[in-house]
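Both of the next two complexes hold chain A, though its partner changes from chain B to chain C.
For the complex of A and B:
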């Protein structure tokens, strides 16, 4: 569905992503794992058109989309939910959601999406008229996700959706991601929470200083000694039964 | 009503247009120091239409507003890559350029044996549509407020619509807006065009109200005031800038004894409000709260 071929991204001559290649197949959850500054967000930004790739290709459903303006990438069905629960604080929850609704147009469809909103995000459905600035951290992340879904994406790029959330809320977000996949949305997930991410993802790529150093199925990576010592070793201790 | 009151009210009405114009751009996050250019440009274009080419006033207003809107869109397209302070300075530079051009433009046509048209630094005399048709100041004031109400209704409808949310999104984070699939370039040009048209309607009315316009009137202080009205009155609703105009021209003008100190009081008021109410009296939060109160009341009634 999505393929990166030797993608390089640089900012003012400094290489952030160095010939990264990866593939996401339809219906998969693929994760990019890496430390801060490894270039994870740069990869997502290149896919969604926020930055132009310096070299390499981004192929989505057989067409090259590298360097296209961000809004046309959304129209093709890729939506990025950026890190840090970015919402429009001065607008109401409903207004935050309203904007993307045009991707489908029709009023009836909008009604239907309201009922699916109620199902997926019950906390938001009761706060449609509230200013978004007043939402809690968890609600703001839910709103960012809900807004991403309003454009009916076929592929979601999620950038650290559990960042800064309590373990319980993070669990809710991960549960939601699982449900989105069941609805047929392909997901490329960037996360720091490696253990939980590998429990969720089908496959993962490990990014170090802009280069992909390791990739494989989640189960393979869980068994990889190097990864375990580098990433799981430093991650916070998890409850004894994290995956249930 | 005596002529003085009618004149003050008419001024409030006409200046409200440029206040709404600056407000619309403030919503999209752009601070324009150049909306006076569209006001002035339209005053000249509309004046030319009625005084030089004997068009009816509605045509003059349409010509003026369209000219202002088109020029605004061209300037908008040129300054699109700029943001923040750079955009503000570019708009100021353009507005001054336009004013200086008007200072040297001399086009005179013969109307019934009299030469009419812009005369450079001497201004543009003889925009006498009102007097030729024996229209009273009060009648013209009603025309001003009719058009202002129409503009306000349009803006309020825009604010309630998806377009309104989009404009506010541009104002708070245009990269994030682009990520939502919005063509931010297109919406930005649309916004500057709309703001140009609104300022243009005010300018066209102004030319016909005063019968005489000169470039000096459209200097940067007019644009600065236009911005201040939105910042005083509030950025939460289109009523905000109107409150700003009413406070400045209505209240301060009315208090005769502070005449000489008006700018000091006005400047102080702006400074105090920016400290305590950075987004004005009717800011987004208060508007949300007011809306909640009203909808609760309506629910209770129903």
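For the complex of A and C:
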């Protein structure tokens, strides 16, 4: 579905992503794991057209999308939910959702039905008229996800969706990601929480200083001693994981 | 007392045009976080093209009005392409300087078009007045107020009831987030320039009809009045732009009546100076700033 071929991204001559290649197949959850500054967000931004790749190719559904402007990439079915959520605080919750749907809607805004929202995001359905600035961290993350889905993407790029959330809220977000996959949305996930991510993802790539140094199925990576000691602390992986 | 009310009403009528100019500056400031210094000159050149048609081809006043609006929009798009789209978003100072340079260019163009110092401007409404009780209303000033109210109403519907307005507000708040959501910020910005140029064209046409003459200095004048009204109301606030425009009009009308013509502009500058010292954010600016602070804290 999505393939990166030797993708390089640099900012003002400093290389952030160095010939990274990866593949995401339809219906998969694929994760990119790496330390802060490893280039994870740069890969997502290159895919969604926020930054232009310096070298390499980005192939989505057989067509090259590298270097296309962001609004064209969204129209093709890839939506990124950025790190820090980037909710429009001065707009209402409903307007935040309408913004995302702007490409396929009518010129005159119309109120959306609440029933479809209530199924996945019950917390938001009753706050449609509230200013988004007043939402709690968990609600804001739910709104960011709901807003991403409004454009009906076939592929979601999630950048640190659990950042700054309590363990309980983070668990809700991960549960939601699982449900989105069940609905047929392919997901490329960047997360700090490696253990939880590997429990959720089908496959993962490990990114170090802009280079992909390791990739494999989540189970393989959980068994990899080097990865475990670098990213999960020195303790061995838990024998049974309730998330899977 | 009757004089006071009469002056206040006159001032609000004229101030409604200042409000339209201030809205033009405010919307571009909101979308671009930059001040378009050539906004007044854009309107001036648009009106010059209309006047040129009237002087050389004796077209009707309706054609002059429509040409003024259409060419103001085209000049506005030209300014956007040349000095805002072509210069990177981060280069704030460069585009401010270039908007000043374009101002000079537009003024040159107007002088080449019609080289004499002043020209009569063909008004759509005859200089008639009517009385309502003890008060006197001039037709062209009343139509100015009515036009401005229609424009502000239409703008409100556009901003708060349409997809384009929502996209414009989203880009104003956070251009990067808008890009993630698939909004074409470059297109929204271009449309915003066309929109404010149309509003500026209406304001310019109404003001020039009242003055019944046009000079190349109209660009400078319109930029000054619009900027002062915007800063009185508070940068980036639409209600502020309207309030600032009306306040400027009323203060000028009273200064003209009680102090004389030579104090009219001076009183406007003093008003702005006092506002900047006592309330630097303008009338509505403080509230906007605190709302943004709320947004940053919570989200």
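Everything that follows uses one rule, which is that the second predicted complex is superposed on the first by the 221 of 244 C-alpha atoms of A that agree within 3 Å, B and C clash if a C-alpha of one lies under 4 Å from a C-alpha of the other, contacts with A are read in each partner's own complex, and residues count from 1 in each chain.
The rule is short, and it goes like this: a residue touches a chain if its C-beta (ideal position, glycine included) is under 8 Å from a C-beta of that chain, and two chains touch if they have at least 3 such contacts.
Model, not experiment: these values are computed from the prediction.
J.: Under the superposition described at the top, does placing chain B and chain C together on chain A give a clash or a fit?
T.: clash
J.: Between chain B (first) and chain C (second), which, if any, makes contact with A:225: first, second, both or neither?
T.: In the superposition, A:225 contacts neither chain B nor chain C.
J.: Would you check which partner chain A:140 touches, where first means chain B only, second means chain C only, and both and neither mean what they say?
T.: Touch status of A:140: second partner only.
J.: Of the partners chain B and chain C, which touch A:182 in the superposed model: first, second, both, neither?
T.: A:182: touches no partner chain.
J.: Report for A:95: first if it touches chain B alone, second if chain C alone, otherwise both or neither.
T.: both
J.: In the superposed arrangement, which partner chain does A:74 touch: chain B (first), chain C (second), both, or neither?
T.: both
J.: Between chain B and chain C, whom does A:50 touch in the aligned arrangement: first, second, both, or neither?
T.: Both partners.
J.: Who does A:129 touch here: chain B (first), chain C (second), both, or neither?
T.: In the superposed model, A:129 contacts chain B only, not chain C.
J.: For A:63, select first, second, both or neither according to whether it touches chain B, chain C, the two together, or no partner.
T.: neither
J.: Residue by residue on chain A, keep only those touching chain B in one complex and chain C in the other, then list them.
T.: Shared contact residues on chain A (touching chain B in one complex, chain C in the other): 48-50, 69-71, 74-75, 79-80, 82, 86, 88-91, 95, 98-100, 102-103, 133, 147, 151.
J.: Please output the residues of chain A touching chain B within their complex, sorted ascending.
T.: 48-50, 69-71, 74-75, 79-80, 82, 86, 88-92, 95-96, 98-103, 129-131, 133, 147, 151
J.: Which residues of chain C touch chain A in their complex?
T.: Within the complex, chain C contacts chain A at residues 161-164, 166-167, 169-170, 173-174, 176-184, 291-292, 294-296, 298-299.
J.: Would you tell me which residues of chain A are touching chain C in their complex?
T.: 48-50, 69-71, 73-75, 79-82, 85-91, 95, 98-100, 102-103, 105-109, 132-135, 140, 147, 151
J.: Please name which positions on chain B make contact with chain A in the complex.
T.: Within the complex, chain B touches chain A at residues 162, 165-166, 168-169, 171-173, 175-184, 284-285, 288, 291-292, 295.
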